[in-house]
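First chain A sits with chain B, and in the next complex the same chain sits with chain C.
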Partner chain A sequence: MSSHGHVEHAPVGGRLFTPVTFFLAMLVILALAVLGVRFIHGLGAVTNLNDGYPWGIWVVADVVIGSAFACGGFAVAALVYIFNRGEYHPLIRPALLASLLGYTLAGVGVLFDLGRYWNFYHIFLPGYAHVNSVMFEVALCVSLYIMVLWIEFSPAILEKFGLKHARKKLVGTMYIFIGLGMVLPMMHQSSLGSLLIVFGHQVHPLWQTMWLPLIFLLTAMLMGYAIILFESCVAAAGYRRSVEVHLLNPMARLMLWLLAGFLAFRFADLIARGALGYAFEGSLQAIFFWLEIACFALTFYLLRSSEARRNPANLFLGGVALLMGGILLRINAYLIGYDPGAHWSYFPSVGELVVTIGIFALKILAYIIITRRFPVLPREHAPATH
Partner chain B sequence: MHKELKELAEAWYARPIEDRLGMTRRGFMQFCATLATTLGLSRGAEAQIQKAIEQARRPSVIWLHFQECTGCTESMLRAEHPTLEKLILDVISLDYHETLFAAAGHQFEAARIQAMTENKGKYLLVIEGAIPTRENGIYCKIGGHTAIDLARECAADAAAVIAIGSCAAWGGMPSTSPNPTGATGVDSILDRPVVNIPGCPPNPYNFLATVVHFLTFGTLPEVDHEGRPLFAYSRLIHDHCERRAHFDAGRFAMEFGDEGHRKGYCLYKLGCKGPETYANCPTVLFGDVGAGTWPVGCGHPCIGCTEQGVGFEKPIHTLAQLKSVHPPISFPRIHEQQGSGAKTGEAAVIAAVAGAAAGAGAMLARNLGKARPADAPAERTDKDGGSA
Partner chain C sequence: MTSRRDFLRGTLAGTGAVAAAAVAPRAEARPMPERSPDAVGLLFDGTLCIGCKACVSACKEVNDLPLDYNSPVDALWDTPLDTTARTFNVIKVYKDGDLSQKDSVENGYAFTKASCYHCVDPSCVSACPVSAMTKDKVTGIVEYDANICIGCRYCVAACPFGIPKYDYDSPTGAIGKCELCRHRTEDGQYAACAEVCPTGATLFGKVGDLLEEARRRVALEPGGTTVYPRGDITNGPDQSWEGPVANYQQHIYGEHEGGGTQVLHIGAIPHQKLGLPALPEYSYASRSEGLQHGLYSGLVLPLALFGAMTWAARRNSRHDDEEGGEK
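Up next is the complex of A and B:
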């Protein structure tokens, strides 16, 4: 991404072993212990999954939400390379890193949930391909995108080790991977919605629509921008750097336009299908629907004006609110609004929670380690004291 | 005298077929339809078969017995639709059969020679039993001729050769180790195609259907690589077994007479060879008395009698090699757990994480709020800082 030479990246530096990284590492080790049990004694020993709910939070949180969290790279790349807004270029590399970690761990997370995980490589063998399957599309697309992300991010690694020649060669072909990096996530983020269409009437009418692919794609992009707000603010606070308000403010404004468009579309679809009435029933689904909408609405309130957006706290909370909206949409559609029939119920077990927490902890831990040692964040011009 | 006999025969053939077979017309039509179905023929074939059986002049059949127990013949005699004696006396002309013939000695051997001369190139040769080959085949002789010589002599001018039973098909029981007589199947002695109808005993309808196919179409049915008619031997017993659902659900009889055995569970773990044996036993059944009348249906594991290398070779109790579906490592329970909602520990973990996240978020937001004016470095509250 450094083909625009004007952005300089530099490692943040500093100690790797801190109370925060120690705590995160503990969470990861806890998750590994649970995974040990899972791989020795099977899914049933650790999870609360059953035949009615074969997909729990390992799929919904680790993969569906985790990969949406990882849409930052894709969302900023769309701004920079499609809408030619070069001023956002400094955001790309950290966003790519978050995407890289998010997608890689989403891919690894799928392995935990696969009953016959040892067959995972079948996805790459054309002989096993079932080209009409949504799941196949998602799996292949995500696997390819993980590879593309690593290639897109590799200049940072090559810079770190001073491999200038290799880096130069790679950058020459980078446009191919940037293109793939745009197309692949659009394909599978929408397909994560198509998966639910296949579930048919088991998904509550508030979420079941033929437009689910578009709804999932739009919210994935929104979450991509939200995660950049979130990540920029947290990184700034954690590393005591300046918040890039001059970039985040206008980006948040664009994000709000997209959000407005999404919400208008969401309600238009509900009304057109005659499903809005379900939102006024006294059901758990209705409550969670309004929670989801409330999060999206809160984003509007927090980022309502340019003045409000100049406050980093608002940028942070606005990002969080939008993320919560996207998370709730996915949990609602995949779990709360999913009804496999009478008597089936699911609530994640402690083991499942520990693994999911561990995966997110690993993402943060890896982000800290990589940003401290690799040139990812833009170089701070105000010299910081040590 | 000879002329009188011929006139009698003509008069006999003038009578309707169902009369001659001692059946009703409906029974006869059902028989034709059954054979057409067994052969897996398309609609309309039953009419062709009916015509063939009604009109065909009885083909001469020579039936040789070598190393065997006569079980195949015994089972053929118990076919009921129609009874075999009607069939073999009326549909075919059984000119030589050691078990069924009243004649004996030289008179009997003369009948064989005569049938072969009179029907040269037109008769059907059926061979029951294995052929011993050690020491030039001296272990089985009839009328001073070895089985090898007899088989070759009779096959030379036969229209078709059918090997009935596992012994004739590949050597069967007599060929099991140490095989002192060097017993082998018919097709390794003859250098012409042989249709094998293995089984111990084989289902009589598989044999009859093969014969009727020959009568109707003038050719033998299509066969697999072991010479077995595809209509009967192209599918695994396992795939059409009435106990298959128990296999898929993991319900097995573990020993004879246990609860699972009494409940009719899958016999795989008792050594049933259904998963590696090709035959139509589960669909055609035996004895014409209805459902369940075949070995597995009665509670005994299949011994794989139609399969060379399985029947008479693998001990009955050893597990079959699974050719189609392998059983999963674990099986679904009959009553699946359906989930029990949130428990205290799980809710507590979620609450703790949510609380910690909310707290951390609030702290962060407060610090970020203090960091105004915009673009100024955030407050330094943390000990572990980084340098640019």
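Up next is the complex of A and C:
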């Protein structure tokens, strides 16, 4: 296979109005209705948030997990541009699109959760910005990264409108944005773990560690590769294209090495801190810890051999298992393992779930519309008819 | 095409960079600040509290706060069970067995006060991304400005005492918490809870004076009598009275907890039984900020990473020009 260049992208084409897009649009409209109530009557009217659990799934799912889901662009760019594995080039553009949508909507999702959203710009004003705050670092890097992602993706838009000259100029400086596109996610994905350090004893010892930044960064990268497995399989099934097994098989293998390193590190940290004993208590936290670990272990099982990795079903399920592990780590650290005191409890309300589902539906809807109309997916050489 | 060795070398270099980025934070926590010599605070002595809640009522009045209740059935009275965005101070009760004796762990009862501890190195201030929560350099009061606040509630989640509270029932909800009546100091007044306390269970003053008084009390012989100041121990006027000495726990809560606080608690019941968290002597903010400073001091690490990444990207994206739709 060629190592570089000459990857042709083409719009998938087809109808935009289908039962699937209609259903997704309905989910988005439902979410907007709930948000209407939230902005008129306050967060308490639609959420189960309380002063013990001031952060619910709008923070943990929409932002912390949502942005980790959007690490595909970062993860593949690392392979192609940092480790010079050009053969993965065809995966970049679809991954960038998913990242772009994921991060943009994570950024929008923050505004739904902010109690005083009209002051949001204060975070960027020199007089107000508090540089010691981990939240400040996250907000700044995520905002910059959203801009970088749009720039990285813009060649697809320029191609669509035939702006070849502008495209050529932009591509010449792209390495700067690729560099930023590596550093910024490393900074804020690790900081999404560091956010919890100031919570101190309120976070269970199975998750509270000074190594949280590395744990969150490594799992964000892993989730980036997992989402590519997931998305490649779903896009292939949905558009009746062939699954890029020749790329996904070796990528999944590299992913497993990273996962093995992560798990070794995770347990080394638990043992070094003397916290592993908590995993053998009969607590809810212990159960969820093992669920988290089980998902990572299942990934190994599903993708165990080159033969297994040539089966699209295994690639898909392996991606899902790894995503579940990363999701559980984040839910565990932020909610299950967060104990603000005996009399507090939290479980997301229907309204919170509707908004979170609506945000994910909007991402999928936008992905479908853009891949059908813009040159994002690699051109199929033997196009399937349907 | 890259050889396998090149790839492995690259992988190792990349892993090394990531590992280095994560090793840096092991650099120790940033140093913790000292109490300002003019820091003000409260001393709460549970053995003197009679549970009259005059402080709860006065706090509402001077801070212009509405009535609060725990369930709609109680809505006729101000009956909060805990601090909320509309209640900055509550008196809580400890109960055991037949409640026959005050300040007894068994078969007894005792009172405790919940309000902001005005930490020397507060988590809420460290957490706040927009400097809406700040610590006054002179008085050490942890102050809040709703006009700056973006409502992210990181302070609510971060506080080890669960003190900053958000108003979820309002579309324009803000954080509410005790600010030691800083709006009253211009008129020469001080914290209303201490001003109205009939027994001196809540005492206002400079933290140095309060610490000295706390040390004096816990060292007293139980069963004797002593003089208890009331109101403002530093600036007076003298409103002291003589009363019996209880059997104090030999611990001043807040002297060292979480890097120290400006609101101190003493009493006859172990503090953890009253719901106060057992905190380490370091502040969580010093750990969190030490880590961030390790990673981001002078932006050296991010810039070095950016340089390395940009160099690699430039080298490895040379052929990208040919990529794309044009043929």
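Convention: the second predicted complex is superposed on the first by the 380 of 386 C-alpha atoms of A that agree within 3 Å, B and C clash if a C-alpha of one lies under 4 Å from a C-alpha of the other, contacts with A are read in each partner's own complex, and residues count from 1 in each chain.
In this section, a contact is a pair of C-beta atoms (placed from the backbone, for glycine too) under 8 Å apart; a residue touches a chain by one contact, two chains touch by 3 or more.
Computed from a predicted model, the values in this text were never measured in an experiment.
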{"item": "Joint occupancy of chain A by chain B and chain C, clash or fit", "value": "clash"}
{"item": "Partner chain in contact with A:G42 - chain B first, chain C second, else both or neither", "value": "both"}
{"item": "Touched partner set for A:G52, first chain B, second chain C, both or neither", "value": "both"}
{"item": "Chain B versus chain C as contact partner of A:V12, first or second or both or neither", "value": "first"}
{"item": "Comparison of chain B and chain C by chain A residues contacted", "value": "C"}
{"item": "Contacts of A:E307 with chain B and chain C, given as first, second, both or neither", "value": "neither"}
{"item": "On chain A, the residue positions that both chain B and chain C contact, one per complex", "value": "10, 42, 50-52"}
{"item": "Complex contact set, residues of chain B against chain A", "value": "330, 332, 336-343, 345-347, 349-350, 353, 361, 364-369, 371-372, 374-380, 382, 384-388"}
{"item": "Residues of chain C that touch chain A when the two form their complex", "value": "1-2, 6-7, 10-11, 14-15, 18-19, 21-22, 25-26, 84-85, 123, 126-132, 146-154, 156-158, 160, 162, 165-174, 258, 275, 277, 279-280, 284-285, 287-289, 291-293, 295-296, 302, 305-307, 309-317, 319-326"}
{"item": "Chain C-facing residues of chain A, complex", "value": "3-10, 39-45, 47, 49-52, 54-55, 77-78, 80-87, 89, 113-117, 119-120, 122-123, 127-130, 132-137, 139, 155, 159, 164, 167-168, 171-172, 174-176, 178-180, 182-183, 186-187, 190, 194-195, 197-202, 210-211, 213-214, 217-218, 261, 338, 340-341, 375"}
{"item": "Parts of chain A lying in touch with chain B, wherever the complex brings them together", "value": "10, 12-15, 18-20, 42, 48, 50-53, 233-234, 236-246, 310-313, 315-317, 320, 343-350, 353-354, 357, 372, 379-386"}
